[in-house]
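So the structure is just underneath, and the comments pick up after that.
First chain written, first letter: the chains are A, B, C and D, and each begins at residue 1.
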Amino acid sequence: MATIAFIGLGHMGGPMAINLVKAGHKVHAFDLVDELVQQVVAEGAHPAADAVDAVTDAEFVISMLPAGKHVEALYVTGDRPLFDVVKKSALIIDSSTIDAATAQRVTAIAAERGLNFIDAPVSGGVGGAIAGMLAFMVGADDAQFAQAKPILECMGRNILHAGGHGAGQIAKACNNLLLGVLMTGTCEALNLGVKNGLAPAVLSEIMKKSSGNNWALQLYNPYPGVMEHVPASKEYQGGFMVDLMFKDLGLAMELSQQSASPVPMGSAARALFSLHKAKGNGTLDFSSVMRLYQDQ
Amino acid sequence: MATIAFIGLGHMGGPMAINLVKAGHKVHAFDLVDELVQQVVAEGAHPAADAVDAVTDAEFVISMLPAGKHVEALYVTGDRPLFDVVKKSALIIDSSTIDAATAQRVTAIAAERGLNFIDAPVSGGVGGAIAGMLAFMVGADDAQFAQAKPILECMGRNILHAGGHGAGQIAKACNNLLLGVLMTGTCEALNLGVKNGLAPAVLSEIMKKSSGNNWALQLYNPYPGVMEHVPASKEYQGGFMVDLMFKDLGLAMELSQQSASPVPMGSAARALFSLHKAKGNGTLDFSSVMRLYQDQ
Amino acid sequence: MATIAFIGLGHMGGPMAINLVKAGHKVHAFDLVDELVQQVVAEGAHPAADAVDAVTDAEFVISMLPAGKHVEALYVTGDRPLFDVVKKSALIIDSSTIDAATAQRVTAIAAERGLNFIDAPVSGGVGGAIAGMLAFMVGADDAQFAQAKPILECMGRNILHAGGHGAGQIAKACNNLLLGVLMTGTCEALNLGVKNGLAPAVLSEIMKKSSGNNWALQLYNPYPGVMEHVPASKEYQGGFMVDLMFKDLGLAMELSQQSASPVPMGSAARALFSLHKAKGNGTLDFSSVMRLYQDQ
Amino acid sequence: MATIAFIGLGHMGGPMAINLVKAGHKVHAFDLVDELVQQVVAEGAHPAADAVDAVTDAEFVISMLPAGKHVEALYVTGDRPLFDVVKKSALIIDSSTIDAATAQRVTAIAAERGLNFIDAPVSGGVGGAIAGMLAFMVGADDAQFAQAKPILECMGRNILHAGGHGAGQIAKACNNLLLGVLMTGTCEALNLGVKNGLAPAVLSEIMKKSSGNNWALQLYNPYPGVMEHVPASKEYQGGFMVDLMFKDLGLAMELSQQSASPVPMGSAARALFSLHKAKGNGTLDFSSVMRLYQDQ
C-alpha cells in the first residue's frame, strides 16, 4: 500500500485516482474544483486542502493537467512550487500530455534538485481511464520505471518504457500524429468508396483484411452504423474530442519544428481537423472528421 | 479441372498461372514476351500461340495486364479482340489493376454482348502471388462471384466480394490510397521519434500497442532493422515498387476527380511518393519513402 | 475579312464569336443548343445547320468545348468528323481547355492528314471574353502562330506563344494550378490575420506591398468588402466557378501523373476546392473558398 | 537628430544601424559580438559597453534579435532588463521577427510600467536592409506609429501600420506564410511545365501576364537563368535562407494553433521546406526549394 498524491481530477484524472483507491492505495486527492475532489472522496480518497497538503507525505505524486504551463507552475514557478515541499524519496509521475520541451525543462530542474520526476502520458481515452485499461508511455530511467510500473498497472494495461526523460511525451506525440493520419485517411478512403457505390461495411471489411488495415478500422470505425458502440454510431458523442486531437497535433508540430523533422502527413491531418473545428465541431469525437468529407 | 486461359505472365501473372497449374487446372498461357511463356510452361502450362489461341476453348479467361488501355485493347479495340472469340459460357476475370472508368466501360460492352466479365484486382505483392496468398477484390454479380471463387482460391487466401461490376477496382483504389497514407504517416512518425532520441524498435512497439497501430507497423516496418525479411531490412529491394504505388495513387486521383470525392491525405501521399520518385527511387520498395524524411 | 467557323457558343464561346463578328469577320456559328446559335446570329453571325455545314468554306475553325472527349469526337471519332471535311488550307484553333494528352493525340492525327490544328486555351473568364480581353496560350509552330494571331487579337489582349503543339494546354494547366495555389494561400493568410485581429483591407494592402503580392490581392481579393466589383463583394456570384477550378486542377493532376511531376501544393489546393464543392458550393466563384476557412 | 540605441547588429541589424547613422542620427550600438559593433562604429556609430549603457540616454531603442526568448530576456527577464533602465519618454521599437504571443506579453508588461513598446518586424532581406528599402509592419497605437515613422523611413521604403500592439508580428507571419506558399507553388508550376517541354522563361512570362502572377515571378524567379541577379542564377547563394523561411513558417503554425485558424497550404509549404532542409539545404536561399521538385 502506497501513499499517493493525485493532482488534477478531471475526466481522465478522476477515474485514474479512483482506480488507485480500488487497488488499496491511500490517495490524497486535490483539484482546484472542489466538486471533483468530492467525487473521488466518495470513492474512498482523502481530500487535500491544497496541492502542498496533498504531497507532503506522499511516496508517489501523480499529476494530470491540461498543458505544459500548468505543470511548470505546479512544480516550479507557481506560488508554492511542489518541488520545494515534496519528499526527496518520492517518485513524481506527470501523466499530463504536454509539450516535450516543457517536460524536459521541468525534468532537468528536478534532476538538479535531486528529485525523481518522470513523464508518463496516457492513451486510451475516458473509457480506458474508467476501465483501468490505459496505455502509459513512460520517459524514465530503468529504476524509476521499475518503481512506477506497479502503481501505473493499477490504472492501465500496457505500461510502455519509451526511453529516458521526456521520451514518454515524444512517443505520445508521435503516436497521436500517426493516429490523426490514420483516422483522416480511413475517413477519406471510406468516403471515396461510398461515393462510388460501395457499402461502407463491405469496404471496411475488405481494407481490414488487406494492407489498409489499421486501428480505426479495427476498433473505431468512423462511418456511422458499421460498428456498434463507437462514437460514429452515437452521433459522434463521447470518445476523444476534435479539440484534443487538434491540441495533440499542435504539440507534434512544435516537436517537428524544434527538431526540424518533416511531418507533411501530420500537417495535412492537423489542417483537416482545424477546418472541421472551425465549423463548430470541436467537442464532437474526432472520428466526426468523416463529416468534413461528406457531401452536404 | 477447368480449362483456363491466362494472359499476362509478368511478376504477378506468372506465379498466379503456376498456382493454377499446381491446383490441377489446364492452363493455356500467353504473354507477348515468349520467355515468360516458357517459364510457366516449364511448370506444366500449355503454351498458346497468341491470345486468341489461348481463349478459344477456355471456360475461364484471366488477364493480368499493366493498365486500362491494355485491357481495353485486348478485349475490345485491338486487332483481334477477345470478346469476338471467347465462348459465351466463359467467365472472364480481369485481375489487372486499372482505372474504374475503363473497367466499367469494358464491363458494359461485355454485358451488351452477353459475355461474363468481372474485375478482380489483387493485393499482396509478388510474395503473395508466389505463396498463393493474394487478396482478390471482386466486382461481380453473385452468380459470377460464386463461379469465380474456387478458381481464385487457387491463387489467394481472401476472396472478397466488393460489389457489382467495377467495385473490385474501386475497392482496390480505396485500399491502396489508404495504404499510401499509412506508410507515409508511419515513416514520418518514426522519423520524428528517432530524431528526438527514441529507438525505432521501441517506438514501433509502443505505437503498435496504441492507437497508431496499422498494417505497416504489423507486417512491413519501413525502418531498417526493426523487422527481419521486410524490404526495409534489405536496402528496400523487392516488395512493391514506388512506381506502382505512384501509379495506384494516380488511379485513386482519377476516381476522386470523376466522383468529386475529396482526398487530401491521399493527395499528400501521392506528392511524397512523387518527390521520392523524382530522385531516382522508382524501382525501390515503396517503404523506402522513409529515406525522403531522413536527414542526409 | 476571314471566313470563320465557330463551334461551341457557351458562356465563353458566345461572346468570343460575337467579338469576331464585331471585328468584321464572317462567322458561321454552330452549337448543339439552337438558342445559343440565335444569340450570336442576332449579333450578325451566320447560323450553321451543323458543324460540318459551319466548316465547309472556313479559312479558320475555332472550337470552344467542355472537355477532351468532345474535341476528339468533333474532329476525329464522331459520326461526321470535321477532319474529313475541313479545307486543307484552313487553320483549326481549339480554344477549349482540355487535357494535354488528348490535345497531343488530336494534333498528331491532324499532322498525319496534312491539317493545321493548334491549341489555344484562354484565361480571363466570362468578363474577359465579353470585353475581348482574354489571354490566349498558344501551342503551334511559328507560321501557325503568326497566322492565328490577328484572329485571336479580335478576342484577346495577350496572345502568348507557349511552344509547339500541346504547349498551350500545358501552359494553361500550369497557370491554373498556380492560380489555385495563390487563391487558397491568400484566403488562408487573410483568415489567419483576421482571426488575430487585423483588418482584412489593411492586411491585404500590406501583403500587396510585400513579398506576398499576387494576382488575387491585386485584382480578385477573396475577402468580402475589400475590393469592389469582385465576386467576393457580390456573395461570390459570377466569376470563375469552383466546378471549373476543380476541373482544371484535375487536368493538372493528370499532367503531373503522366510526366511524374510532383505537385504537392496544387494537390493540396485541389483537395480544398473539393472539400468546398462537397458542401454544395460548386457554382459559386472560386474565391468563395474563403468560406471554407472561416468560422461558422 | 535623435539619440537612438540599436541592439543586435547582425546581417539585418548592422546595415539598418548604419542607415540611421547616415541619416544623421546619434546611434549607440551594441551586440554581444564585439566585431559587429566595430563594423558599425567604423561607419560613425558610438560603441556601447552593454545594452544598458546603450539605452540610458536614448529617445529611441531599436532591437533586432533572433527569437522571442531573446527579446523577452533583453527587456524583461534577463539579468539587467532594459525595461528597468530605459527612459519613460523613449519609444522602444522591436524589429525582430518573433512569435506574436511573446510580442503581446512583452507589450503588456511595458504598458503596465508606462513604457512605449511597439513591434515593427521587417520584410526585404539583407539587400533591402543595405539599400534602406525594407518594409516595416508596425503594431502600435496611432501616436506611437507617428513617432516611429520618420525613424523607420531612414531604413525602409514602406512603413505600414498593421494595427495595435502585436499586429506587426501577426502581419509578418501572414505575409511570410503566403510567401512560402507562392514560392513553392511557383516552383511546382515551373517544374511541371518544364518537364512537359516548355521553356522556363516562356512559361514564367505567360504566367506573369495571367492569373498566376505573383511576387516570385516578378522579382525572384526560382528557375536558374530566367532572371539575372536573383539567387536562382547564383547557385541559390545569398537571399533569404531556407532556415529562416522554416523558422517563419513555424511562427505562422504557432499563430494558427493559438487562434485555431486552418492553414493547410502554409502547412504543406512548411513540410516542403522541411524536407528540403533535411537534405542539407538550410543555408541556401529559399527559392532553392526548386531543387526539391527536380529530377535527380
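FYI, a residue touches a chain if its C-beta (ideal position, glycine included) is under 8 Å from a C-beta of that chain, and two chains touch if they have at least 3 such contacts.
Because the structure is predicted, anything quoted here is derived from the model rather than measured.
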item	value
Which of B-C and B-D has more C-beta contact pairs	B-C
Remotest chain, subunit A as reference, centres from CA atoms	C
Cα-centroid distance, subunit B relative to subunit C, in whole angstrom	37
Averaged-CA centre spacing for the pair subunit B and subunit A, given as whole angstrom	39
Whole-Å separation of chain centres (CA-atom averages), subunit B against subunit D	51
Junction residues of subunit C, two or more chains touched	256, 260-264, 268, 271-272, 275, 278, 292-293
Interfacial residue positions of subunit A with respect to subunit D in the complex	246, 250, 253-254, 256-257, 260-264, 267-268, 270-272, 274-275, 277-278, 282
Subunit C-facing residues of subunit D, complex	100, 123, 135, 137, 158, 160-164, 166-167, 170-171, 173-179, 181-182, 184-186, 188-193, 195-199, 202-203, 205-207, 209-215, 218, 220, 252, 255-256, 259-266, 268-269, 271-272, 292-293
Subunit B contact footprint on subunit D (complex, rising order)	264, 268, 275, 278-280, 292-296
